[in-house]
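In the two complexes that follow, chain A is the common piece, with chain B as its partner first and chain C second.
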Partner chain A sequence: MFLARSIAADHKDLIHDVSYDFHGRRMATCSSDQSVKVWDKSENGEWICTANWKTHSGSVWRVTWAHPEFGQVLASCSFDRTAAVWEEIVGESSDKQRGLRHWIKRTTLVDSRTSVTDVKFAPKHMGLMLTTCSADGVVRIYEAPDVMNLSQWSLQHEISCKLSSSCISWNPSSSRVHPPMIAVGSDDSSAVYSGKVQIYEYIDHTRKYAKAETLMTVTDPVHDLAFAPNLGRSFHVLAIATKDVRIFKLIPMRRDATHSSTPTKLEIQVLAQFDNHNSQVWRVSWNITSTLLASSGDDGCVRLWKANYMDNWKCTAILRGDGIPVNCSHDVVSQQSLLTASSAERKLS
Partner chain B sequence: MEEVDVEPTTTPIPGVDSNRKHLGFVWGPGDILVYETIYKASGLSTGGCPFVHEVRKDEDICSPILRKLFNESHHIFVGLQGIRDDLPSKNKKTQFVSISKNYRSVIRACMEELQQVAGKVEGKSDGRISPVFFLQVSILLAVELIWNLCEVLFIDAAPAGSLLLHLLDWVRLHKADVDEKARDVLQSESPTEHQAYWDVVISYVLQGRMDEARQVLMKQAALQPAARGMFKLGAQTLTEFDVKWRHWHEEVDRCLQDQSFASNPHLEVICKILVGDEDVLLEHKELLSTWYHFLVTRLLFSHPIVKPTELHYYAQSSMHMFLDTRSVPEPLDSILLAAFEFDIHQVIKDCSIALNNWWFVAHLTDLMDHCKLLQSHNLHFGSNLREFLLLEYASGLFTHHSLWQLAVDYFDHCPEFGRVYLELQIERVPLDTERKALKVLRICEQRQMTEQVRSICKIMAKGALRNNRLGSALSWSIRAKDAAFATLISERFLQDYCANGAFSDLDLIDNLGSAMLLSDRLTFLGKYREFHRLYGEKCFSDAAKLLLSLMTAKIAPRTFWMTLLTDALPLLEQKEVIFSADQTHELMFCLEDLTSGNCLPKPDRAMQDEDIDTTKIEILRLALARNLAKAIVKEGTVEV
Partner chain C sequence: MEKMSRVTTALGSSSISGRTMFCHLDAPANAISVCRDATQVVVAGRNIFKIYALEEEQFVEKLNLRVGRKPSLNFSCADVMWHQMEENLLATAATNGAVVTWNLGKPSRNKQEQLFTEHKRTVNKVCFHPTEVYMLLSGSQDGYMKCFDLRKKESVSTFSGQSESVRDVQFSMKDYFTFAASFENGNVQLWDIRRPDRYERMFTAHTGPVFCCDWHPDDRGWLATGGRDKMVKVWDMTTNRAKEIFCVQTIASVARVKWRPERKWHLATCSMMVDHNIYVWDVRRPFIPFATFEEHKDVTTGIVWRHQHDPHFLLSGSKDSTLYQHMFKDASRPVDRANPEGLCFGLFGDLAFAAKESLISGDASRKPYPGGDRRYPIFFFKKPNPTEQFAHVSSALSVFESSVESRHMDWLVKTARLYLLSGKPFAELCDHNAKVAKELNRPQVSTTWTMLRIMFSDPANLSTPGPNHIGKLGTLPLMNSFSMKEMGTGLVAEGRLERSKGESRQDNLHLEPGNSLINSNNDENEETEGSEGQAEYMFGDAELDDDDLYSMEHENHAAEEQEYTLPQEAFPLRHEIMDNPSAPEHLQQDKADSPHASGNEAEVMCLTPIESFSLISISQPLFSPHLPAQFFCPVVREMLIHYAEQGDVQMAVSVLIVLGDRIRKEIDDLTQEHWYTSYIDLLQRLELWNVSNEVIKLSTCSAITCLNQTSTTLHVNCSNCKRPMSNRGWICDRCHQCASVCAVCHHVVKGLFVWCQGCSHGGHLEHVMNWLKSSSHCPAGCGHLCEYT
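Now for the complex of A and B:
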């Protein structure tokens, strides 16, 4: 791997989250300086900051894009106990700002009484739904019934997880065989023996979310979790960032009609476990095709994990800060090929 | 055979102190962004973080020369998939070999181009060739070497006898510097005095190129008789050959014993080589330069009719003899050894690990799968391995702004997961222009990916609406079959009409055709515009009929009825009677319907608006009454 480009983000404080939009042409960064910046990728690959505005009155923890079917929409969540929804609009021809794009706040969600730790949009086939989780252990699912009017959001579900929540992840599967499923992670360090990952499933009959499973083997605080893209499999894959990196396989058991008012029973298997970070793991995330998992840990490294066709997982790359202060963009070429072919002939004059 | 095991490489990120800070990240299309952060900061200011770094994995896709490789091999790949299964296997084998040669020629062409470019760079005064370039060339060299060997051993599956001939060709192809040296020597003033003279002769002998060796030897007139003694390998039956070879071998041996070449140490060396003296061969390591050259030469002069099954024994021993005990075999060596052992799976596995790019293993495995070479090993993994590698390769292509189109074909030929991978990735192709969006759509429509089609059209419609391009938004919503959105946009059109008195995007609305039926509002928009058209063409009675039907068939929304009735006024006030008596009655009924019941005055409406309304209604009533009178008279009159 090599460093292609360095972008001067210019936030006045730590960046807490960076999020690509669906097509990878736009990016949003959020920071402890309470602002969000939106960047657009130009034709030659350079990132240009097209918006920069104060979003909250506390550190902004996460920022995320809605699916482009709903327009250019961002959601952010903050230490200030709120989450907000933003939309980019193009100035009307009558305005002085004709054709200019700018971001406006559509709504503020103030239901939480504690810091909102994560905000995620549900898969698009569920409509325009936004989910938050807070340090008070409540997961809230909001819906915008009229996608043309983003100032109206209604709180559809409140799930009380009883443990301080740090992260949520929706199962991206849109298959009709799989009802909506959300995983919630907790970083509560006081409840030592409780399973820190809970999985909730939507029950059509009761129109409510019910707990399908708690992963009892995960008892250490969980800082992040991520469902892998589904790729037509019958089972689900969930990666967890806790004191190590753990990948679980969740296999829905066959169910008959009489049990349709209870969540699907899931068989849990561990696909892999890595403790190479030697310490707490803070983030996990899958690439688009779920062929690679990346994790970030207390050792200050990002590690990439890959399964070969025999389903054996290995670390394939490490990214680590070199500690050298930088004052301009770099062009470091550090890729190495192991196949040097020194024993093959070099036909170079 | 040990697996090539590899430690993961570490890429340094500048400016981030990993001892004190965390490294945040996010996946992007084809890259990963990293930045300095601290997880679980409590919101206190701990200092700004300057940079977000873009880290990439594959540089190959960015190289314009390698892009040709991808394009051309894609062509070969698609052709290969089209080969019918029911062809007799002999024909298929020749086809597969020719395809293999095609792939290899593509690799060679790419290498040559890279070298040409390097040559140009070197020519300039400040030209510096980046180390990456050398890497690319050496990788391609290795790849072609391995592929060629696989072709000889697996695809062509040469039997004993011709096996050695093929291996000789293989070695000769990859040791091209001999000819250059020979040219230098022959073109010099006094070839026999040239310091490389004997090196050239011996190199030719080592490669079994007796004719060329003879030619060079001819330069020494005194050695002509010796030159004639060279043995020629030809195509005969194995047993014939064996007999002749042994005979010749004994003769050379006798020459050595007789000391007939004692006078000329060089010739003696050559003689010893011809009998396959391994020690002498090893003395010429520099000329051989690789253990596999040593292997082939050794076989040539000791065991020319080596069988494929015996190959691995000679290969292993050759490698051990050639490399000194201290040096560790490189990945390339292990791969070649695995090939000589006919362990195809090992070759593929080791190549996957050692190479940065999936191109090579994906195409080679695919070809070998077509040759039915993978099935004999492990049925379950045979076809899955091919698909796994093709999916990896194609997924890598998808992140490129133009190569993604090649990837589509690869996914098409992965029966198990190809479709779902394609569905997932094609949605992510940025829809920069309408042209690109249409290209993506065509691909989805050809494969009946209805959800992706709908989604892409919706995204385009939404984008167009945002930029106030109503016509574009409408045509995209029609294509998406999105009734709700179409209704919304039709409303906007109608609002615009009320505000401006004219329609925009007339072309589109006039040519809606059956798409009109997508939503009621859209149907109304289409029909309303038709009314205006008929009026403009002075087809008054048709226009009138249409106008009336819009209300009576409830196509028009009630909020629009006032406008429609107002539109009817000019028709009512024409000299000739357009609306019949019955039609007039219906119009009156509509007016009454509108003015009674539903229309409660809104509290916030200005007095002026109400006045305007009342006036309008009065005018309408008057016009309707007058028309009714005229109509009755007209209909009651008998033409004399």
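Now for the complex of A and C:
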């Protein structure tokens, strides 16, 4: 059961991304109105906007939190061709108006010559690394050599994907058996290049990222992709938002030499493919135990997907997404009835 | 009026058609301008001055105005303007400060007509009066604007901005006499052409230079200005004070701004550095361009709408030496690529969802899916009027909170908290954990723990805690089979009997709630599904007949049944053991290995085997006590891996820790490390620091245990002499007194030390807390009213 709590976001244009922090207590939203807002959950569960500032001079496409070990750090990326790293400072402010806590810009990454479409921090075990991808298909991996100094980032890798990139996702696996892996999705709409998802893997031998795989079956523009939390698995699960929701299982094949100079061969299985949204799917997101996948599409609904032990994926809930306060109670009721209806339906079948 | 009618006829007679096309110029362009009937375009630059005809399919070079063997600087143009009334008349602004007019009607090759060399520095802009044939205005870097009457040899008036260089001058569409000038210091001035002594009005429009300005074509008195501050501002000049009514944020300094014909809210901009694109903005939605032209490879220097009443054609010249005609329908629309939704799963299963309001409300009013007939590509969804749709958008943000009863993460947190991983004999740990799992409605996991206990405890000891477990499982088959053991238990260890009685009573209590829990157990319980496979996996071979329960069309009602039938799976275990004839050779190993098991149980071992053995042998040879724990290792290994593959890393790690050496060697170090790091990460996410620390401490991987030891340094100062403590003891080297003494019990505090920041007295956390319950004064007797928060 879900209770819908509507939040008066008060962004002046579309909200493009919402992101929870590591502990789920804070939330950041970013919008075309060039601002980022940070929301904190109060004692009684209300979300209160504790910061709101102009981050870029263009639409802010994505916002993401760093692991709290590195401080309260946000990264944002924008149509203005930059990505920026922000840190929350407590105290130290000379400006009384801004109060004790405020966010300051630590760096601007200006290497891209086109819109920066996604920004993601690498898994914590890799250190403090930030990845961006841009509309011209370049994925850039930055590293902060000194985690205490967020204003210094060195460009470590530049991967050219050839196709306009729209989203990236790091493989979160912390296993040493799994080399760093990153999936890049493209929203290129031409049918000429099939395979809109590319997977790159770090090759220890050459110290470079090399393409491990292209998911040739994904031929439509990809809007979002997300690796499931790994949780000790030996394989990887990747959800993709394209014209439908797809779930892929990537099984690394054993290889003889661990320090080979070619990327790991991956066996790829399609676990699921759902076109229930009947339209573009914009976002996919995993819960932390990777048992539930949420997807949202142009139909304005959020759908939750779950697998049973046989890896059969099913829709477990449909959530309609209007948090309009007037209809709020009604919505909750309808949602609940919807939910119960769906579960009843499943019991019947 | 006259002008209007002429234009419309022009448009009517030669209705413009064409396509997106370009041609290469010989040199970078600085500015372009079209003639009135939109059939020709002039391109001017430092090394180019040409006229091209706009034909249906291509640009055709008509005339090169740059003539002579060694063209003078008069030919190198910063700006060009084609007169909108006189077809043969052009004016250019030269970089050497000259203002030149050109008459295309001249028969000679050199079309230069007049030359005004009054400006001392580069002329940035020339502008013909929209309705007056002979009036030309220029603005220069030297800070002056000059008005020329083309019938005269000299300027008729000079306007001094009194501020910095003039970047742009534009005659007003509304007032015959008014023109606007923009300056490098951020000011915009309004002048009356008749009053060269003083500007009518001045205001600061931008911080930094104002590179361009453009009057709205529809007589509205709106002026758009663009500056280095990356902003385009629209000013309403009809009011007393210029009022900023719109502000568009672009991503680079704005070099040119041009209102789009026939589209009230649209204007086109280009930048002078970094950004090569041309953007068309709807000023009502100032954050995201309505359309983008991305063809140019270098800075776009000149943009002009091809015809002043046609919004579909845009011409542009660029430093990349190309001249483009852009069709509006070929423009890319950034909004279409911008995603209208955000979605994120929170830690506790909350979902944050932000979506374009029209998507949501549209859906609410619509019936949810009439069928599968909406499967068109997205562009079919566009409503007829994209402009209006474009302007007004907003997103709704909501959080779907998983209600308290069905919190997804609760079981995980509770399990993590309640599991015992060390500190008790192995069997008790297993039992405890089984109980925890049972109470959290995870029968599969619970059963696994019980199995583990059965497998790895010594057979004798096994029978003792058995009843607890049976009571919990509460299904018939097991009761039957184990009841004998219960008898055995009674015979064997009386001391334990009491305990088990007590526990079985408890267990009976648990039984009912447990069942009701199972009944109410809804499909949200992830674990049931996740772990069902496990049992099958482990003991599957013997149990194929039962498999219809776990068949492919398995649904949740099946899951519930499944839970009831779970305990049956205890059978195959025994079968499996029995079937395996390899016991004897393991026997010796068992003895050798028994110290490995748990020390406590070793003594019991000699007590029970015979009795329990005899009992067991009556009904069915339940298990052979000779089976060494090691025998199960492969099975357990499989099981752990299975749990891990299912994503239940908690189980994998917990079992790994509890079994310790019994299983550790079976699983390769990297996998173990992977499990540990994953689980620790999960725990830290859930802020279960204590559990995470315990796991780290108990882990056997060197890579994990060292997690606790990195970057932790403790500096201690003596509380008496305030000097750093050098050695490891609790006595200060210098003053030879015990440091950090508890004010309550006067012993040295070696754990958590709490002190008052006012008087710096303190002591054991517990003692101080107790003290403060009864008194608010400092326990040291210093009289301070201590506050511990």
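Quick note on the criterion: the second predicted complex is superposed on the first by the 306 of 349 C-alpha atoms of A that agree within 3 Å, B and C clash if a C-alpha of one lies under 4 Å from a C-alpha of the other, contacts with A are read in each partner's own complex, and residues count from 1 in each chain.
Heads up, the rule we're going with is that contacts are C-beta pairs under 8 Å (C-beta built on N, C-alpha and C of every residue); 3 or more make two chains touch, one makes a residue touch a chain.
Treat the numbers as computed from the prediction; the structure is a model and nothing was measured.
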Exercise. Give one of first, second, both or neither to describe whether A:H16 is in contact with chain B, with chain C, with both, or with none.
Key: both
Self-check item: Contacts of A:G24 with chain B and chain C, given as first, second, both or neither
Solution: both
Practice problem: Classify the contacts of A:G71 with the two partner chains as first (chain B alone), second (chain C alone), both, or neither. | Solution: first
Quiz item: Of the partners chain B and chain C, which touch A:N278 in the superposed model: first, second, both, neither?
Solution: second
Practice problem: Look at A:S175 in the shared chain and tell me whether it touches chain B only, chain C only, both, or neither; answer first, second, both or neither. | Solution: second
Exercise. Give one of first, second, both or neither to describe whether A:S154 is in contact with chain B, with chain C, with both, or with none.
Key: neither
Practice problem: For A:V90, decide between first (touching chain B), second (touching chain C), both and neither. | Solution: first
Exercise. Go through the superposed model and pick first if A:N287 touches only chain B, second if only chain C, both, or neither.
Key: both
Practice problem: Considering only touches as defined above, state whether A:C315 meets chain B (first), chain C (second), both or neither. | Solution: first
Quiz prompt | Touching both chain C and chain B, counted on chain A across the two superposed complexes | solution = 1-9, 11-20, 22-25, 27, 29, 31-33, 58-59, 79, 124, 174, 223, 229, 231-232, 282-283, 285-289, 291-292, 294, 296-302, 308-310, 316, 318-324, 343, 346-347, 349
Self-check item: chain A-touching residues of chain C, taken from the complex the two chains share
Solution: 230, 249-251, 274-275, 285, 287-288, 334, 337-357, 359-364, 368-369, 372, 374-375, 377-378, 381, 393-403, 405-406, 408-409, 412, 522-524, 526, 529-534, 550, 552, 554-557, 641, 644-649, 652-653, 670-671, 673-675, 677-679, 681-682, 685-687
Exercise. Please give the residue numbers of chain A that touch chain C in the complex, ascending.
Key: 1-9, 11-20, 22-25, 27, 29, 31-34, 45, 47, 57-59, 61, 79-81, 115, 124-125, 166, 173-177, 187, 223-224, 229-235, 243, 275, 278-280, 282-292, 294-302, 306-310, 312, 316, 318-324, 327, 343, 346-347, 349
Practice problem: Enumerate the contact residues on chain B facing chain A in the complex. | Solution: 4, 6, 8-41, 43-57, 59, 115, 118-119, 130-132, 134-135, 137-139, 141-142, 145, 174-177, 289-291, 330-333, 351-356, 381, 384-385, 388-389, 391-392, 395, 417, 419-421, 424-425, 427-432, 451, 455, 458-459, 462-463, 466-468, 488
Exercise. Would you mind writing out the residues of chain A in touch with chain B in their complex?
Key: 1-20, 22-25, 27, 29, 31-33, 58-59, 68-72, 79, 89-90, 92-93, 124, 148, 174, 223, 229, 231-232, 282-283, 285-289, 291-292, 294, 296-304, 308-310, 314-326, 330, 332-349
